[in-house]
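What follows is a single structure, and I will ask about it in a moment.
Chain IDs A, B, C and D follow the sequence of writing; residue 1 opens each chain.
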Amino acid sequence: MTPLLQVTHLTRRFGGYTALADVSCDVAAGTIHALIGPNGAGKTTLFNIVSGVLRPTTGTLVYEGRDYTGTRADQVFAMGVARNFQQVRLFKGLSIVENVMIGCHARMGGLVRDLANLALPKPATEIAARRRALEMLELVGMGSRTTGLPQELTLVDQRRLEIARALASTPKLLLLDEPAAGMNPTEVRELAELVRRIVALGITVLLVEHHMRFVMAIADTITVLSAGRIIAQGPPDVIQKDQGVITAYLGPAP
Amino acid sequence: MLLQQLTNGLMLGSTYALVAIGYSLIFGVLRLLHLAHGEVFMVGAFAGLIVVLWFSLGPFAAVFGGLVVAGILGIILELVAFRPIRRRGDNYLAPIVSSVGAGLVLQEVMTKLFGAEQQGFPRQFAGAVYDLGIISITSTQIFIIVVAFASMIALHLFVTRSRLGVAIRATSENLEIASILGINVDFVIMLTFAIASALGGIAGVLVGLNFNAVSPFMGIDMATKGMAIMLIGGLGSIYGAMAGGLLLGVGEVLSVAYLASSYRDAFAFGLMIIVLLLRPRGLFATGIGEAR
Amino acid sequence: MSLLAIDRVKVTYGNVVALAGVSLAVGTGEIVALIGANGAGKSTLMKAVMGQVRLAEGSISFDGVSLASRRTHERASLGIAYVPEGRGTLRQLSVRENLLMGAFARRRDPAIADDFARVLERFPPLAERLALPAGTLSGGQQQMLVMGRALMTRPKLLLLDEPSLGLAPLIAADIFQTISSLTETGVSVLLVEQNAHAALKLAKRAYVIEMGKIALQGPDLLHDPRVRESYLGEVALD
Amino acid sequence: MLGGYWDSVAIFVGINVLMGVSLYIPMAAGLISLGQGGFMAIGAYTSAVLTKEGFSLALALPAGAGLAALAGLIVGAPALRVRGIYLMILTLGFGEIVRVFFLNFEPTGGATGLGGIPPLSQLHWVVLACAVVIFIAWRLRGARLGRAMIAIHEDDVAAEAMGIRLVTVKLFAFAVGAGIAGVAGVFYAHQALYIDANQFDFSRSALTFLYVVLGGPANPLGPVVGAVLVTLLPEFLRVVADWRMTFFGALLVAFAIWRPDGLLPAPRFK
């Protein structure tokens, strides 16, 4: 079976600095694939490239067998690749539900439909989007927090809200950038359950995470990046024992 | 003929440069579009006029008067209209709103004090005409060029040789790093306002002398051109503002001579659009202030 | 008495708790390491010491003086030099101007010239590039520049945030060598590092921070299995 | 009816309300224009010329609005790649170019201006126009397009990553705003009966900016309240009338310091 996402020979330079050097990896459909590595390894850069926010210097991206290298972020999203952000990026001027509804936008028709809707008291697409948004909030465990503004939430709920916003678009591939950052052990456990529930819906998850217990517990495959290169790839138990990985994290052993 | 035009253009351009430098300096430290800077320029022009009319002093005293009054006005504006906003967090719209407000107040107060009519300097200020064969130039024009270029050289020396001048450039590039290094950024911002405004005041007097006309509304045109020059030169770049100002001055004079004269006031924006198409970050891109 | 005493400091960003009651001390002439995962609160703690974030609770004192009412530039003048993550070179300024700005708070101290010469001696690559804009330096040279600039303040305390980030191993080793030689001049160092082994080797004492709280502290964490666990999560989640 | 003087005051209030909304819409998407006066001028001159040629207002009004909106698209296209201060100065420059153009364009009177414009701005048409644009602004806030605009305003990188087409939404906001300013210009021409280029200078654009930020840029009714207040206050307060600009200037500074979000807060939407 062809992988859902294929990244081949990806390189990204910023000025003279090489953030990613010849990175190749495949993400199999229906799995949880984790991307780990020390600070500055290039994980977020890879995320930004896969989601179309950044362009690669060289290399190709293939999604569902189709080359989409250089496609704009909004079009990548429309293909079914949704994401959250490491530094939470919610829309402060919109309510909690409205933030999730943004995720439904791609499926609500275009400009002509919009203009027609201005004249209708309760447009059908609007009602459907709101219903979907509430369902997504329920899914991430925020069914009781649907009104108010996102900045009134705790960081943990803000992260959940971002996941709900991404899910609202019914993506096939969900990119999660450090979803567990700042969470306590109970919250991390709840997050792990949520990610499993998401995969059970048929969504493939690619995540970047520093919380190792979380990664080791839920990932099917782990790719380890260090200084822009892949240094190891495999299931969690193999990665945990890899001497190169340990060195990358802690520095050369004394 | 061309040489004459170039001389006139450099003279005009050097006054533009002085105003544009002010925008760049202030943009540098505060990432702020100071929409009242044109009014500071205008108040400086009036200060110069008063020194001449009320105290019967010469052009140097007029320039000095414009410099001092505008400099003090700049400090007052920073303390009243900008600093309180910074203290209350970062709403990026608020300081722009505040500067529009300050500009409206200054314009009307000056209108009430001195009338809406244009006023001129006394006749003897026109100066002697020197015919140098290829070009003819008045003593006033020489005065303007000398003062404007001397001001720019002084500024250059200040920001490269003096401790506080380098601190202004450091603050302009990164306010947080500057404060980490022990620089009192509030003081530096105030100093920057004083210098930017003083240069604007000098320009006001020089433009007043050049056109022999001072009015409460003279700041508007200069402000819009100054902002266009700042984009042409690159946001926050002092040398970009100098180069952009001279380029615009020469360009305007040549466009009047060889193209349609009546469109000269739109020339700045035409030039701005061309430069931005070719070099989106201006002639001397600094890389500061890309966001927002 | 500690040079830097951080006492039960709490910092919040809106509803987000970044530091939940952290206490930490750095003695005179001591190198202290602060290690922990991304987002654990290391950088926030340094910013709190510099007065760049507001304390919700707790207090920080330096050299016996409470820092509560001091603004960032005043703290720098007291003798705290901070090298933030991502270095903070002033790219438009020349190398010389960057170094001299380090001594800004010392006004016209005649010893500045000596310190300038000493910094160039310590970092020869800088001496060859004095007139160049700092933005043209390589990553390693920029790290030297900001270290040199920090030394120009004649600090009592040096706060270093991830000095080895993005550097080649040899250059990183060079930087660590410099840090350890600094203490001979009596400077104290608080070091945030991702390279835990190097940091723990350098420091006499260390703190491990997890989610805004100090999880571990002590003099000999280098061989402590718990450090490794907090990085690699060898204990399964459920 | 209110009688001649108050009729005319009401019409000018309505024109300013239109101007306020014309800037509110692009500003909701984070696009600050300091050149709304330029779009107003295009609407005013277009309609003035057409009606003087004998065309009816029913044709001149859409023509004025359409040309202004077209100008909005042309200015908006390069403006998509810039933001913040670049956009402000770019739009300010556009306003100046329009002013200088009409100042020198002899077919529309050049520096002497254009007189003898038929008095066609009846109060009920102005009120109707205001009602329509306020309705649009209000409905936008609760619709897909309006949400997309706010999302772009808050964080355009995240908005694009959430599938929002920045180009479409920004151009729409800019062009609709320009079209509304064009409508305001049409009514202005047929009320003032004489227009010249300097009536549409930077201070016109700055006043428009003032309506929005005083009223509240995050609320669809903010620009309406702002425009009404700024226009009517000098009519009722003698002191204000004499020192109009000083009063509003000081008010702006005070608002910037103590109430930077304007009079009306953002509406709470569920």
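Following the convention adopted for this analysis, a contact is a pair of C-beta atoms (placed from the backbone, for glycine too) under 8 Å apart; a residue touches a chain by one contact, two chains touch by 3 or more.
Fair warning: this is a prediction, and the values are worked out from it, not measured in the lab.
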Farthest-lying chain, centroid of Cα atoms versus that of chain B: A
Counting in whole Å, what is the centre-to-centre distance of chain A and chain D, each centre being its mean C-alpha position? 41
State, to the nearest whole Å, the distance from the C-alpha centre of chain A to the C-alpha centre of chain B. 49
Distance from the mean Cα position of chain D to that of chain C, given in whole angstrom: 52
If each chain is a dot and touching chains are joined, what shape do you get: line, ring, star, complete or other? ring
Would you mind giving me the full set of chain pairs in touch? A-C, A-D, B-C, B-D
If we count contacts the way the header does, which residues on chain D are in touch with chain A in the complex? 136, 139-140, 142-145, 147-148, 150-151, 153-155, 157-166, 168, 172, 218, 266, 268-270
For the chain A and chain C complex, residues of the former touching the latter: 16-17, 38-40, 151-155, 158, 178, 181-184, 188-189, 192, 210-218, 227, 240, 245-246, 249-254
Can you tell me which positions in chain A touch chain D when the two form their complex? 51-53, 72-74, 77-78, 82-83, 85, 89-95, 97-98, 101-103, 105-106, 108-109, 111, 114, 117-118, 123, 125-126, 129, 146-147, 165-166, 169
Footprint of chain A on chain C - complex, ascending: 14-17, 37-39, 138-139, 162, 165-166, 194-199, 201, 211, 222, 227-228, 231-238
Going by the contact rule at the top, pick out the chain B residues touching chain C in the complex. 163, 166-167, 169-170, 173-174, 176-185, 286-287
